[in-house]
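Should a chain be cited, it is by its letter among A, B, C and D, assigned in written order, with residues numbered from 1 in that chain.
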Amino acid sequence: MAIKTEPILLNLGPIHPSTHGVFRMRALVDGEVITDIEPVFGYLHRGIEKLAEQKSYRQFIPLTDRLDYVASMNNNLAYVTAVEKLAGIEVPERAEYIRVIMSEIQRIISHLLGIGSFFNDMGTFFTPFFYMFIQKEKLTDLLEMVSGQRLLFNYMRFGGVSHDLPDEFLPALNTFLKEMPAEIDKYERLLKENEIVLARSKKVGILSPDMAINSSASGPVLRASGIEWDIRKADPYSIYDRFDFDIPTGTVGDCYDRYRVRVEELRQSIRILEQAVAGIPKGKVLNPVPLRFRPPEGEVYSHIESNKGELGFHVISDGSDKPYRLHIRAPSLLNLTALRKMLTGWKIADAIIIFGSIDICVGEVDR
Amino acid sequence: MLSEFSLIALFILIVMGFATTLVLIPQALKKIGIVPSKPSEVKYEPYECGLETIGETWVQFKIRYYFYALLLITLDITVIFLYPWAVELKNLGSSSLGVIFSFIGILAVGYIYAWRKGALEWK
Amino acid sequence: MEIRTDSTSLDIDRHEGNLIKELRSSSTKPVTEPSGWLSEDLKRNIFLTTVDNVLNWGRKSSLWTETAFTACCTFEFISLSSSRFDIARFGMEVLRSSPRHADLIITAGTLTWKMAPQIKRVYEQMAEPKWVIAMGACGITGGIFADSYSVVPGYNRILPIDVYIPGCPPRPEALLAGIELLRKKVEKRSFLQG
Amino acid sequence: MPELITVGAAISPNLPWSDWQFGFWIHLLIFGIGIISLLLGSVIIFIWLERRLVGRFQRRLGPNRAGPLGLLQSVADVIKILTKEDIVPSRADKLIFWIAPIVAFTPVVLMLAVVPVADGALLADLNIGILFVIAISSITALGVFMAGWASYNKYSILSAMRTVAQLVSYEMPLILSMVGVVIIAGSLSLNDIVKTQTVPFIVLQPAGFFIFFIASLAEINRTPFDLLEADSELVAGYNIEYSGMKFATFYLTEYCEAIVLSTLAATIFLGGWQGPWLPPIVWLLLKIGIVFCFIVWIRSTLPRLRIDQVMGFAWKFLLPLAILNIFVTSIFVALWPETPAWLMGLTNLAILVAYILFWSKLFKPGGKAVAV
């Protein structure tokens, strides 16, 4: 029985409660089912890569904060490691440890928000989101203790970090690390086995391993598809080779697996943090670099495992105090490559949670 | 009993009057100037995430939504017949059970047919 | 516009591009801000009536926010509405995504020219009375991105701003202070103004 | 003149004025105004209660600045919404756009006309009380559909379509869930149903209550069935283009529906106004409050279902269960009229549990459509 129906063109976004910022999907919907979808981005295109060419190397650090604003430290880290690699700058031992601690704290924050907003997209009236936020606020306080800011930290420098940890920081972090596993278990009890969560997210939005690799997805999205790929292990940067941790992977590559992988990564981050706190040495935190320093001519690509995936900076230097060209490999953008394939054929409600489970940050998508 | 229904009928009028007043209050307040009114062309266009609506909105919509309404009409109206039986079951006794079960059985045939035909799946 | 069945139509993009160009060329100067409310204090005291008091109390106690957030500052707004700072105390936890129901736009984040027509449209579609808070450096002047070719130097190019909150991003406490200022401003409004 | 009905009994059956009786018009006036004002008053309180409760569930305070304990929060909201600009989109179907809120709001209040607040104290003791409630309650769906359709907005139209499917589908289990009660009570009048409840029917009919409660959650568009207003999908759903008082009317309708269905749950399954010591009306309000708090609890806990899951749940799970419930109840009542209450309730509960376990074995979560 075929009765001809006309599809309608529906704009999901840019001002939509669940597009995580100003992302827009132009969807062709036939009743409830999406027959075609076209992602439209650029609504937050601030020209960061172009601005980099006008600013000196060091002036650009605050701009990296605003890429993936959920986890600014990771962007800082990726950028400073790229420039350090370019100019061959040594980093003190203690600074490396601090960087790892910051990076993992940011990963926890980002995953907490990712999980929370995933459930929000699913329709829980903010409750899991706010529960996650309670923990996030504790971590924000820790970061504020270190950098004086709550969101955009501008903390890392070439050759280390801007200043040492305050004395209260490590004990406070330790207290948090002791409480956190129990809190995660609590959230798990609430969410993991919930029938509606299972019904909504299992086998929904499957990203097959092949498709994940072909679309160059990375981070939790890739790992949920069952591929054990983590730059912290595959190409260790900083001092990640000293820590003992696992790479959680999913089996199916559906929304549920993506959520599970994030939760497991929370635990792994806590493991890394515990080891880092135990092993942090004393000493200086910064090998000073001149304010307007000029790296030698050349180009470098350096990548880290950011909370969203592989975050890379490609810096080309012509020997002046400004980058000749700077390109950012933003994981959020590349994780969206398969979006059209993942969403077509699903219902609007599914599209929202598939999109939510990819967990993008528009600041990074549009740059 | 009739007076009970006339009470209901009058109450319908009261409530409708009340609802209409609710909706019309702002019109009255607009006259005094308490409710602001600044018409503009953009304001009266449909909201779609801050974009202009593209294409037609009132289209031939998917039949799937109405399918359940059709099913309801077939089942719902017949199900209402259960009520008179339910009220009188104590007086009718066990003899009415067979009758009503066969009635439900006939309904169930339709229901199972609809299920098997996939009318209850949302594709 | 006729019905389009293929969603990848270039026409839509072209049309939207023209809108952006139009808006960009037409908004080179800041929009005049809503009437100076502090200077008229004296005049208003005479006319301030009970009706005004009641209306303004109602309006200030239930400022519903439109979810038109663009970038980083969003997270500080969410922090403010989350359990720690709890904006719900002021009856503001109701986030409406439809501009018809909202009273307040908090411009959290950088505004790009591509986004500007949408924000302007949402503002225009909001029902009167409505207010705008410019949150963060980007909202006020374009902030750190003011040099960029694609960033609107401040929301006041396209919207009349009621309260400015500096910071990059402002702390939730600062946002709360800004909201408190806005509540004071709402209180002083006379209904005859509309 | 109608049969005279006692009004004072609603407040207290023991005081001297409990058998005051009035004529037709005064009766209409007292109950008409009484129902509307009680409903609006409780909406104001319950909105506040919901926001405070949700706050508590989310480990925060909730509204507490407007008035003592924030009690005047909803009053402030009403004042604000009342004085918002009234927008009628230019491309909307104007007439339907205007009358939709009225169509949605009226039946909700009407449902209360047959609910007793004390023995015999109700606007009209219809002998077809439950049928009246069922018939009237489905009109709200029409109002919602009209609103969504007339707005000329793509989101609202999707919401309107979901109304057609969802609200209409849950009508079936809602109707069938009450048949069991009617069988036991032997009457359709809500007054009689309350009076026969020496034991609340929730004990005798746990399965019936289960179906009724879930179906009414779907009817009043609450989580996990809030697909009509799904914020994260449809922005604001059917009332997206409504502003000012017309929007408030929908807002009001939603809460009134929640209260009215809590009232029905309290009346049909929880023993209505019956209870020791306290005046009947207090008992009724207390029971309404408990049901309402339960609804709020569910709202702040559970995620939303998808449209095909909602439909599948109604047609494949609730409907057979409701019919099974009728079977078992009617067999008990017809064949062994003297069955003790505990046996009947226990059997019913056992069937409910067995059915849920059975269904959950068949049900496979996830995927594009519900697979059973």
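What we mean here is this: a residue touches a chain if its C-beta (ideal position, glycine included) is under 8 Å from a C-beta of that chain, and two chains touch if they have at least 3 such contacts.
Worth saying up front: this structure is predicted, and the values here are computed from it rather than measured.
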| item | value |
| --- | --- |
| Interface with more contacting C-beta pairs, comparing B-D to A-B | B-D |
| Whole-Å gap separating chain B and chain D, where each centre is the average of the chain's CA atoms | 14 |
| Rounded Å distance, chain A centre to chain B centre (Cα mean) | 46 |
| Inter-centroid spacing, chain D versus chain C (mean Cα positions, whole Å) | 37 |
| Distance from the mean Cα position of chain C to that of chain B, given in whole angstrom | 38 |
| Chain C, residues touching no fewer than two other chains | 3-4, 12, 55, 68, 82-83, 95, 97-98, 100, 118-119, 122, 125, 128-129, 191 |
| For chain B, residues that touch 2 or more chains besides their own | 34, 36-38, 43, 45, 47-51, 54-57, 59, 61-62, 64-65, 122 |
| Per-residue multi-chain contacts in chain A, two or more chains | 6-10, 14-17, 31-32, 130, 134 |
| Chain contact topology (line, ring, star, complete or other) | complete |
| Chain B - residues contacting chain D, complex | 1, 3-5, 7-8, 10-12, 14-16, 18-20, 22-23, 25-27, 29-30, 34-38, 41, 43-49, 53, 57-58, 61-62, 64-69, 71-72, 75-76, 79-80, 82-83, 86-90, 92-94, 96-97, 100-101, 104, 108, 111, 115, 120-123 |
| Chain A - residues contacting chain D, complex | 8-10, 16-18, 29, 31-32, 119-127, 130-131, 134, 194-204, 254, 256, 345-350, 352 |
| Chain C residues touching chain A - in the complex, by the definition given at the top | 3-8, 12-13, 67-72, 74-76, 78-79, 82-84, 95, 97, 109-110, 112, 114-115, 118-119, 122, 144-145, 147-151, 168-169, 171 |
| Chain D residues touching chain B - in the complex, by the definition given at the top | 1-3, 24, 27-28, 31-32, 35-36, 82-91, 98, 101-102, 105-106, 109-110, 113, 123-127, 130-132, 149, 151-155, 157, 161-162, 164-165, 168-169, 171-172, 175-176, 179, 182-183, 186-188, 235, 240-241, 244-246, 248-249, 252, 307-308, 311-312, 315-316, 319, 323, 326-327, 330-331, 333-335, 337, 369-370 |
| Of chain D, residues touching chain A in the complex | 54, 57-60, 154-155, 157-158, 161-162, 223-224, 226-227, 230-235, 299-309, 365-368, 370 |
